[in-house]
Amino acid sequence: MMIIMKTTATKEEVENVHQRVKALDLHPHQISGAERNVIGVVGDGRPVEVTAFIRLPGVASVIPISKPYKLASREFFPENTLIPIGNNHVVGNGTPTIIGGPCAVESREQILEVAKSVKEAGAHALRGGAFKPRTSPYSFQGMGEEGLKLLAEARDLTGLPIVTEVTAPELVPLVADYAEVLQIGARNMQNYALLKAVGQTQRTVLLKRGMSATINDLLMAAEYILAKGNQNVILCERGIRTFETATRNTTDINAIPVLQALTHLPVVLDPSHSTGHWEYVSALARSGIAAGADGIIVEVHPHPSQAFSDGAQSLKPKRFMRLVKQVNAISNALKAEDISTNPLQ
Amino acid sequence: MMIIMKTTATKEEVENVHQRVKALDLHPHQISGAERNVIGVVGDGRPVEVTAFIRLPGVASVIPISKPYKLASREFFPENTLIPIGNNHVVGNGTPTIIGGPCAVESREQILEVAKSVKEAGAHALRGGAFKPRTSPYSFQGMGEEGLKLLAEARDLTGLPIVTEVTAPELVPLVADYAEVLQIGARNMQNYALLKAVGQTQRTVLLKRGMSATINDLLMAAEYILAKGNQNVILCERGIRTFETATRNTTDINAIPVLQALTHLPVVLDPSHSTGHWEYVSALARSGIAAGADGIIVEVHPHPSQAFSDGAQSLKPKRFMRLVKQVNAISNALKAEDISTNPLQ
Amino acid sequence: MMIIMKTTATKEEVENVHQRVKALDLHPHQISGAERNVIGVVGDGRPVEVTAFIRLPGVASVIPISKPYKLASREFFPENTLIPIGNNHVVGNGTPTIIGGPCAVESREQILEVAKSVKEAGAHALRGGAFKPRTSPYSFQGMGEEGLKLLAEARDLTGLPIVTEVTAPELVPLVADYAEVLQIGARNMQNYALLKAVGQTQRTVLLKRGMSATINDLLMAAEYILAKGNQNVILCERGIRTFETATRNTTDINAIPVLQALTHLPVVLDPSHSTGHWEYVSALARSGIAAGADGIIVEVHPHPSQAFSDGAQSLKPKRFMRLVKQVNAISNALKAEDISTNPLQ
Amino acid sequence: MMIIMKTTATKEEVENVHQRVKALDLHPHQISGAERNVIGVVGDGRPVEVTAFIRLPGVASVIPISKPYKLASREFFPENTLIPIGNNHVVGNGTPTIIGGPCAVESREQILEVAKSVKEAGAHALRGGAFKPRTSPYSFQGMGEEGLKLLAEARDLTGLPIVTEVTAPELVPLVADYAEVLQIGARNMQNYALLKAVGQTQRTVLLKRGMSATINDLLMAAEYILAKGNQNVILCERGIRTFETATRNTTDINAIPVLQALTHLPVVLDPSHSTGHWEYVSALARSGIAAGADGIIVEVHPHPSQAFSDGAQSLKPKRFMRLVKQVNAISNALKAEDISTNPLQ
C-alpha cells in the first residue's frame, strides 16, 4: 500500500501517519520524492483496509498495491513514465530511442570516430565503458577517468549524451560528473549498495537485467533506486542464461510486453549482449521494436576485429546505419496503421 | 560429406560408391530423394578428401559438410527451401504464413466457427488438435478420428488446409489421410520412431522444438525426417524452459536468425505456447516476423474461457484479425524499404 | 479424489459410482488394478465432499488427493512401494540396488564380459541398450532383437535380470519378452503412446526423467503408466539441462528427497548421464545414496575408449567394483547409526 | 603461464622479467604473495615457450597453465590448500567443517542461543548475517554493526569463529574487524570492486557461487581475490537457477567433484539455500559430504517460524545435531574403508 501525502502536508502529519502504520504492526517506508512525500506500507500479507489511513490529516490518497515492487508498478503509476536522456531526448514517447557505441572506450581516435558515425546514423546517445567489469582479473579493465574525459569530448563534438557504466558506490559521484546516464551492468543488478548510491542521485539510470534475474527481480532492483528518490530509471533486457549455446545469451523477448504490463518504466533491448554475434543483432533489434520496446542499445565499433572486448557482437557503422532504418521502418509502419504496440492490444 | 549421384547414375555406380566409402572405414548412408540418389558419408572425424569420390563413375558432385546435420544444413542447400501447405500455399516465399485455430477440436460448431473466422482474418491454414498429448492422463485427450473428420469438414467449408498433430507412429497413415500438415509436438521432438514414420510419407511436417532442445537438437530431429526421404519440413520455435516464471516458456527469438543462418528450411513461430498468455501473443507474433520468421502459428478460440485446453493463451477472432494486420504491416514495411530480413543483412 | 471399491464390489456398484460422479459434473477415471477397482475422480477445482461417495454401496474408502498425480502420490499410498526386478530382487527395501552395464550391447564378447564383471562387483541387474535413441540418424542405432538375445544369454550366464530400453509402442511386446525391466528413456518421458503401452504390461518400468521435465512432470508421466494398471514403476533421476557446461547435465540431487516426500515409488540415480564424465561418476553415486536414493544405474564398459557410445562416461569394471563398496559403506554407516535416510528425518 | 620468482630475486630481476614479457607482446600481471613474487603472463592464445623465461636471472620456475584462472587452478598448486577459520580450525584436511547459525542476527537472545546450540552439536564456526542483501528494499536489511557486536559476543561465549557477509567495499574493514571469515554472497559474486577489497585483506573469504554463474565464472571470481594477494579462499556451492520450481534452487552437486578436479581450494556446500526447504536440508548435507565436499554451512534457528528471513529453510537445533552425526558417520565410513573421496578415485 502506498500512502501519498498532500504537498502541503506538515512534518507532524507525516510523522502521525508513520505512527499509525506502526500501531498496526506494519512497517512504514519513507520515500522522499522531489515533490511530495510517499509512505510505503509493507505488511506481512494480512489485508489492510485503505480506510485505516485515507482520513488521516495530510493524506492525499491511498493506493493498494498487490506486487512486491511498489513505486515501479503500474498500479502506482498507470501511465508510461517518460525518462530524460540529457536535455534534448526522452525515452518512452513512442519513438524508438537509439543508443550506440563501443563496448569500451579504447582511445581518443576510436571513441570520436564511433561517436561521429552513430550520430550520423541517427543515434540519440553514445554508449561506451570506462570502468569495465570483466570476468577475468587479467583482462582490460577500462580506461577509468581518462575514458570518461574522452566520452565528454565525444559529447562536445557530437551533442550526444553519454551512457556509461558505474561499478562501485564510490565511483558514482565521479561518473555522474561526466555522464548523463549511469548504467548498472547485469552482474551488479543486485549490488544493493550500488543501487542505493545511484538512487541518491538524480541521474538517469539504465538498469540491466541480471543473467539469472527474473522479471520480478529486475523490478525489485529498480525499486531500490526509486525508493531512494530517483525516479529516472530505464530497464534493459540483455538476455538470460539458458541451456542454449548457439548464442551468448537467450534474449527474453517475452520480457518486453511483460514489463510493459507490469511497470510504467520504459524498457530498452540490448541485442548485442543478448545474442553475442553481430550476425544476429539486426534481427533482434527489429524484433525488440516490433514487440514494443522503447529503444535499443547496440555495440558499434569501426574495427570489430581489433576491439579490446566484445568484437564478435559489435556492428560496423554502416550496418548500424541500416539497422536504424529498419527499426524506424517498423516503428513507422505500426504507427501508420494506428496499431498500438501496447501489449494488451 | 554428401555425394550427389547423377540422375543418370546406374544401380551399379551407386553400389560402387558405397563400396568405396566402406573401403575407407566410413559409413555410407543412402538418402533416397524423389529425383536422385544422395549418399551421406559419415565418418569419425578424420578429414576425408573430396578427391576420393569426385571422379567415380556416376558421381555428380561432392559437398563437404561440417555440421552434424547434413541434409538440413545450408551447406547442403544454400537457397531457402519453399515448403507447400496444401495445393495453394507455400511457406518461405517472403510473405508471412499465417496458421490459426484452436488448441483442440472440441465440437463441430466450435471448429467450423473458428475456421470461418481465421479464414476471414487472412489465415492460410487451420490448426486444431484431434490427438492431444496432455501432461495428465486424466485430461481431455482429444476427439481422435472424429476430430479429424470435423477438420476435414472445416477445410471443405473454407478451403483452408489442415495442420494437426500426430502422436504415435501407428497413427501416421490415419492422420496423413485427413491433414495436409503433420505436426510433431514439442514432447515428441526426439521420438525417433515417430520422426522416421513421418519421414516415410511425403506430407509436409511441422516440427516443433522440444522444451529443452538446443537448436542443434532441433536440426538433428529434422535430419531424421529428411534422411527418410521427406524433404517437406517446417521448423517451429515454441519457447524453451528457463528459470523465468512470468511466462509459460521463454521464447527463444534468437533461434529465428540462427536457424536461418544454419538451415535452408523455413521457420515459423508459435507465440501462443511460447508465452502462455494471450496478452503477450500479438507482441510476440510481431517480433517473430520482424526477426525474419516465415510465419506464425497462433491459437484462436471464439470463447477462450470455455476452451478445453490452453484457453489462457488463445486469442479471440477479433484480436487475431488485428494481429494479422500488424504482422503484414511489418512485413510490408521491411519489403518497401527493400530491407532484407536475411539475418546477415 | 480416489474412490477405492471393495474387492467384493459388483459391476453394478462400480457403475453406480460412475453415474454419481457424472451427476456432479465430474469425470470418473477407471483404474483397473490387479485386485480391486479404483475410480479416480477428476474435477475442476471445486471442493467435493467425501461424503458424496463414502456411503455408496461397494465403496471401501475415499481418499482426497491434492496433487495432480493421484496413484503416484504418497497421499494415496503412504508407505514405500517395493518394486521387483526379476524374481530375486526388490527395489526400495533399504539396501541400495545396483544396476550396471554398457550403454549399448555391441557384441557377444562385450556383453558377456561386462555381465560377468558387474555380477562379480555385486550388481543386482544388468543394463544394456538394444534399441538406442540417438541424436543423429547416422549414429549406431543399436543391435535390435539380436541385442536382446545377447542380453538373454548374459542373464543365463550370470543370473542377473535385464534392464533395457524400449523406444516405440510396437516394440513393447518384443522387449518385454526378453527383459525384466523396460526402460523409458529421457527423450521419451512424455511419449504418451509409449507410456500407455508399457502401462498395459506388468513388467517393471524404469522411467527416466526428461531433460527439461519438472519433478511434477515426471510424476505425471508415471501416472500414465499406473493409470493403465501397471504399478511397477521405478523413477530415475538422470540430470537436467541447465546453463552449466562443465558437465553433460546437472544432476538434480534435490529431486531424490523431494520425490521421496511426494511419492511412494522408489527412486534411483543415474550418475553416468547426469555428469557425462567417468571422473565424476563415483562421487555422484555416493551422493545419491547418501541423499536417500534406492539405487544407482551406472554405465560400465571394459574398454571405454572403444565404446560405440557414451565411452566418456563409462566406468571400467575395477572402478565400478570400488564404487559398489563405497555405496554400501555409506548405506551401512547410516543404518548402523540408525539414521534414517527419510528426507524428513 | 606463471613465472615464479626465487625468494631471493631482486627488484631488478623482477622488472627484467616484466620487460621480457612485454617484448613478446604479452601482458605481465604482478601477483604479490606473502613470500615470493609471482608474475602471471596472459597472452592471446599463441603458444609461448617456457624456455623464453626459465633461464632469466631470479626465475625459480615456470608453470604453463591452460585455464583462464591461474592461481586458483590445480595446475598451479597440485595439492589441496588448507584454509584457516580462526586460530583452531582448518578447512580441507579431510574432516568435514561444520558451519551453522541463523540467516540473520536478530537479537542478543537469538544469536547467543543459536551459538550455544550449534557449538554443542559440534559446529566449528558460527554463521549469521549483520548486513543482509535482500531482494526487496522494504525487507529487514540486518542489524549492521550492532549485529557484528553481538556475533563477537557469541564468539566470546562459545569460542566459535564468526562467518558473516560483507556487501560493499567500504564495509570490508569494519566487518574484518569483527569476523574471522568474510562471506561474499551469491548476488555479489561478480561485484569486482568488492572482490578486490576482500583480496586486499588476509581474512579468509567464503565465496558463494552466483545463481547463474558457471563453475568457470566462480573460479574466475576467486582469481580476483587471489590475484590481490589473499590466498585464503573457500568456495561455496549454494544452488543455481533452473526451471525446477519444487525447490528454491537446484543444488549443482556435480560442482563438488568438478571443482575438486579443477582447483586446490576447498569447497563447502550450503544445503539450506540450495534447497530452500528444511525438509531436504539433511539429505543434501549428507550428499555433499559423500560427494567429497570439505564442509557444510547450514542455517539453524531455534524458532524458524519466527525468523526474520529464511525460516522455511532453517533447521531447529535438535535436527541440526542429528545432521552433524549423519555427516560424520558418512565421513568416517569412507575413511574407515580407506576410500578416498578424491573425485578421480
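By letter and in written order, the chains are A, B, C and D; residue numbering begins at 1 in each of them.
Heads up, the rule we're going with is that a contact is a pair of C-beta atoms (placed from the backbone, for glycine too) under 8 Å apart; a residue touches a chain by one contact, two chains touch by 3 or more.
This structure is a prediction, so every number in the text was calculated from the model and none was measured.
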What is the set of chains touching both subunit A and subunit B?
C, D
Equivalent interface to C-D, which of A-D, A-C or A-B, with over half of contact pairs matching by residue number?
A-B
Of B-D and B-C, pair with higher C-beta contact tally
B-C
Taking each chain's centre as the mean of its CA atoms, the one lying farthest from the centre of subunit A is chain C
For subunit B versus subunit D, what separation do you get between their C-alpha means, in angstrom?
48
Chain centre separation in whole Å, for subunit C relative to subunit B (CA means):
33
If you look at subunit B, which of its residues touch at least two other chains?
212, 240-243, 245
Quick one: do these chains touch in a line, a ring, a star, all-to-all (complete), or other?
complete
Please output the residues of subunit A touching subunit B within their complex, sorted ascending.
212, 214-216, 240, 242-247, 250-258, 261, 274-275, 279-280, 282-284, 286-292, 322, 325-326, 329-330, 332-334, 336-337, 339, 341, 343-345
Could you please specify the touching residues of subunit A with respect to subunit C in the complex?
241-243, 245
Under the touch definition given earlier, write down the residues of subunit D that touch subunit A in their complex.
27, 29, 40, 42, 68-70, 133-139, 167-171, 187-188, 190-194, 210-212, 217, 220, 223-224, 227, 240-241
